[in-house]
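Chains here go by letter, A, B, C, D, E and F, matching the order in which they are written, and residues are numbered from 1 within each.
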């Protein structure tokens, strides 16, 4: 089963207790996002969604930093490059038709973090630039090492962020004045400031400690009923995008099914007996 | 008129100045939410909506804590219990049809706090568990005693919260990383932390002081034009669930009527004369 | 071209580097919002939208304070006054039909700040009352002098705020308990408290220093690609009002066009050469 | 159980095969809608929703016509009357606050036809005026006697229809030019024209034949799986009000539960054996 | 007052009984839509909205046909022309930024027909091509002369219709198979076929008779309460774009104001006395 | 390239002029929808979307009928079967979690017809049952042979249709009374009746003639600008699911790009020269 998660730019390991460690592993390129990275990330979380063993995910990165952002060299040669022109005799509208499909595909890969139904805890160290913000905004919880810093870098390469930052960051951090400032200026944000505005939940001295803290939280979540946890994530996402009334109505239908789970009896029984409950995989 | 508010599990008193004190009063059961509690809460706020005397509400609880959460004993015997199975030969789809209606009814009772159009100030002391979070998230303002603590407890009984927490908490607190952490882990949050993330506005040393502070705020609100205050609450709720443009358009229609109120002339006159205005009931 | 921005109650100057200084200038009346003020404000930002020279705006006010709020004297004589009654024999529904159009026109003027596609940095000093909150909530970033204070004043004149505060303030500040408290009580909020809850990004000792800080931020933004910055503002506004999925899809279509801008090549080239890029006007 | 459906202005009978006959029975007043009529109608369909015996409903009216519309005499004396004025010294905004609740209550009563989850077949004869159109637009299928005629009468009493006609009629009939013409002119529409535009499905020579046809259709529906039929109605209503994508996603959650019904095995088995399946009540 | 409606390409006359005749009058160019035509059309309906004398509008065209569509000569030289290229060294993204504003402005002009709140009856004769379909789809009711024919012409000039046809035509005609066929093939539709699918309500032998029929309908509408008629149009438009529930709630707020109109008493009194009521202007 | 479209249950051929003939080819099983059929259908239209040669699609079926509906034998053994029970000791909530993913996957496959951006013309002969209605509702235009008949069959197998019929059929046919009747009763609809209500555009005597008519229409569409046609389909779908205002705004952004196509100049030039334009592939 392990080979399910064989990737060129990711290292994935699933622990006994249901925590998947997903590490972006392209340290020699400062974890720059080539197409391979985001395509594999999308594929990985697609598998996580259907893998009953996985109950919670820790997403981290190898090497000196979380990510230097988009792989500009590849981008310059790829669809983005073509879209920017050069190919003077082709039709802008026809190029655009396929370029839009390319953006949507890229977005879908990152959104897989959100739609995989298992909580994802991002552990950030060093630089987290550009597409890095799109990625961590799609995660559920963010923990940082003290050396982490964050830059919504896109305006500095002459474009608006389009893989999720502008959609999710303002819904993740309740300080619109701050969100807009960092999106317009591309200034660096320290781990400390990130914690102050709520972008990250905790700051630990080192990457190792941050990873440990994130993993401990993941283990705590993995010990809960996977039906309850996956339902909670799914319903939080749905409710963010709907009115309270629509969120309540959808939740009622969802739980009408989920309440059939034996996990409820198991959990209540364990609670009365002051024991730790154990739940089967999803 | 007092008997309008005669309930078995609530104590209600309306002061001369238009502040209704609603106390959840089932201290012997740690204010656990039996059906009676939430049905009476729904009925109570339904009456508040149409009671012109009431201009603002303080919602508190009697005894050792705000609430221990859902009454699990009753739930185990009731619809939740049935939904969980045991009744092996009945049809899951048919059971589910009625179970969904039950969840919707429960949701509506708590949503009555939100739809009553009069601001509701929650005063929390001691434990506030599970359904307690659903309840205070539906209130307008939250004040706490120093001993208060908060737990989104539902995953610990094997289910996703379904009475409003997942819909309202993320819109009440602008720190999604924190919201998701506490929803997935069911860890306890102190009053101090609750204030830091904005779940509560103020923390007072004791329940009595918190109640006093909440009541003072309620009295200040009750002294304002009840047309202006009820309109403000109604429009805040509407606007939360719509785009800015839709919110503005609805507000324009609403105020086209509300601007006919004599309260505007009264208020402006009093303001010019540096007097305290007095407004008739709604 | 300068005469494009000749107004009676505004002073406008556009610097070489693309920063427009817009100053509300009716100090003798404490910058109270007469119809002229908001109509000129709407017209001004309508021009900003189509003026390629302008890349970022600083909005401040002359004299003792940002604004004392609505010009009550004028309002009492104008449409609001008429709507409030007195004209006993006219038809409430007919009056209301036109009064609604008046509110919508007023709203549109303030919304022009939001829809002008260039970031607007509000610099607030002294009192910022009533309509002042509607105005700064429609801005992108808020900076304050230490003497600034903020009051959602509308309930004190017997009405619900209807020019944007109830729609935008809760989406600007992620602390609903606080938002509702200040909307219901009309209590004053200091600059310090405003920073704590995220209403303002920074507090500087004096108006001059706040203006300087706001202008510096504006200059930094004006040096970026105007295509990237205007796209970012436009997409942040769109995404606030839509689900994440709808925001992503709209962004993909938008950027399919914007990615044709030569600014991307310019920016990446400059970045590789460690030079400061220069971008043509929008 | 029969007494569940004891009403002053309705006659209700539930047949063995699950068809409820609901007859508006106020012939002496031409079935004019007094408050009693619509309140009882709302209560009746509220019971239908939770009554497992009822699988389909036929809604008809006694006497010379379906309905002459709103009971104007009562309305003139009631809330509509008060809202129209006369009570010169009361506050328009305060009156309006409660009048809005009255309209919502009236709307909810008629919407109960739509939300009861069992298909409702309207059988119309003679005049169907004003509120009659609101009522039949909330039904699923409309059958008419040859003498039926239809008038969206509200503009003739100086108001816009507000109990559902303007919301539902354009979604029931796919001819907007026709819908708007009849809403603006209040002209009478014959049964034949009604059939041509799709307002009614069939026209039968007499009321008796129309009732027979409606009842036969109801019996055919009542013989199907009540889980399948109620789900179909619920999902048609949901999907009308949402995008195709949202409709599909909601449907997937709903059917995840409903597919647990034993009715599917029963139906398929019967189909293979060329027998008539029999399904338990909902 | 007549000079309010002085236009170069429109002839406007308002009759005593409140019917405005708006005639597109550029017969020498087959009523081709130059910028002047649509800008004046937008301005005209903006005035209609605020002109209490106008209660209903008849929109027709002078000369041989309703319209030959967009003025291609002007378009080729104007913004569309520029957008199509030629200006090789300018930036596609910058051009596009302003071109989008141009499209929105054009859309707004045609949408003014819909947002003017007075019913608009289109009378079509001869060819109605391209933009002509956008225009008549924004009207309330469509009447045709026998020689009228309709073509969704845009695909034939290499573009998708963008001024309203793709938004409104499918909501005006309840036959999606037909709508899509005519939008993809640009085939001509006769008046007879148009009536069959519901695009037009009536077909009269000649332009004169169609105009007479349209005017008679307009006069009938103009004799009704203008509060009731304008409310009906406004609410039909709102409800088309919202769920039934949202439509009902908005209607309740709207009518809470509109029910204050004296027109209701006037109308009911006249009805009881079998007289024709007379209502003051809006 | 032809092998791109090698499928077990589909026959696909793309003509020189850009018309793809897609034939459901499982005649020995009456074209019953096994998983293979819908998975291949989804894959096929996914390829059509990105295949610039294909400009229009004709979807038909081989053998005696269009389709007998879902392959019940396979379904009984597959996920539907499992969901229905039998596997007594597994957890209903866990089963349901994966069953929902299965339904969504099935829906996505059929929705690919809608999202492929090239018009799809369904040619129906013989029986078109159950899933057949889901399929043709997702097509753009429907043409039928005289022997065609249509049944919304799902209630007869004890379930609500969940692959698109309940979402799309009411938006395809503007006669809600008819739609609901056929969804609740599962009665057969003849080709003639289908044409009368607008489900199909044309009825031809035989399958061969219907195919010829559908192909002729497809060829006419394929001769148009593929940018214009794909844009029109995409915008019709978007606009169906949004308010008119949202549809217009999205269209403006879309066409800002599409107006850069050289097809506009080509088309206008050809039109002026009375020649047939030729457009490159998308």
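In the analysis below, a contact is a pair of C-beta atoms (placed from the backbone, for glycine too) under 8 Å apart; a residue touches a chain by one contact, two chains touch by 3 or more.
Treat the numbers as computed from the prediction; the structure is a model and nothing was measured.
Undergrad: If you fit subunit C onto subunit E using the CA atoms, what's the rotation angle, as a multiple of 5 degrees?
TA: 180
Undergrad: Contact counts by the stated rule: is the higher one at A-C or A-D?
TA: By number of C-beta pairs in contact, A-C is the larger.
Undergrad: Look at both sides of the subunit D and subunit E contact and report whether the same residue positions are involved, with over half shared, or different ones.
TA: The interface is built from different residue numbers on each side, given that under half of them are used by both copies.
Undergrad: Averaging over Cα atoms per chain, report the distance between subunit A and subunit E in Å.
TA: 48
Undergrad: Round to the nearest whole Å and give the separation of the Cα centres of subunit A and subunit B.
TA: Roughly 33 Å separates the two chain centres.
Undergrad: Tell me, which residues of subunit E touch at least two other chains?
TA: Subunit E, residues with two or more chain partners: 92, 96, 171, 173-175, 198, 227, 240, 253-254, 256-263.
Undergrad: What residues of subunit F sit close enough to touch subunit C in their complex?
TA: Touch residues, subunit F against subunit C: 250, 253-254, 256-257.
Undergrad: Under the touch definition given earlier, write down the residues of subunit C that touch subunit A in their complex.
TA: Going through subunit C, the ones touching subunit A are 56, 119, 140-142, 171-175, 198-201, 217, 220-221, 224-225, 227-229, 231-233, 235-236, 239-240, 243-245, 247-249, 251-268, 271, 277, 279.
Undergrad: For a test of understanding, state which residues of subunit E touch subunit F in their complex under the given definition.
TA: Per the stated touch rule, the residues are 72, 76, 80, 83-85, 92, 96, 99-100, 103-104, 107, 111, 114, 154-162, 164, 166-168, 170-171, 173-181, 183-187, 197-198, 240-242.
Undergrad: Which of the residues in subunit F come into contact with subunit A in the complex?
TA: Where subunit F meets subunit A, its residues are 49-50, 52, 91-94, 96-98, 101, 227, 230, 257-263, 280, 282.
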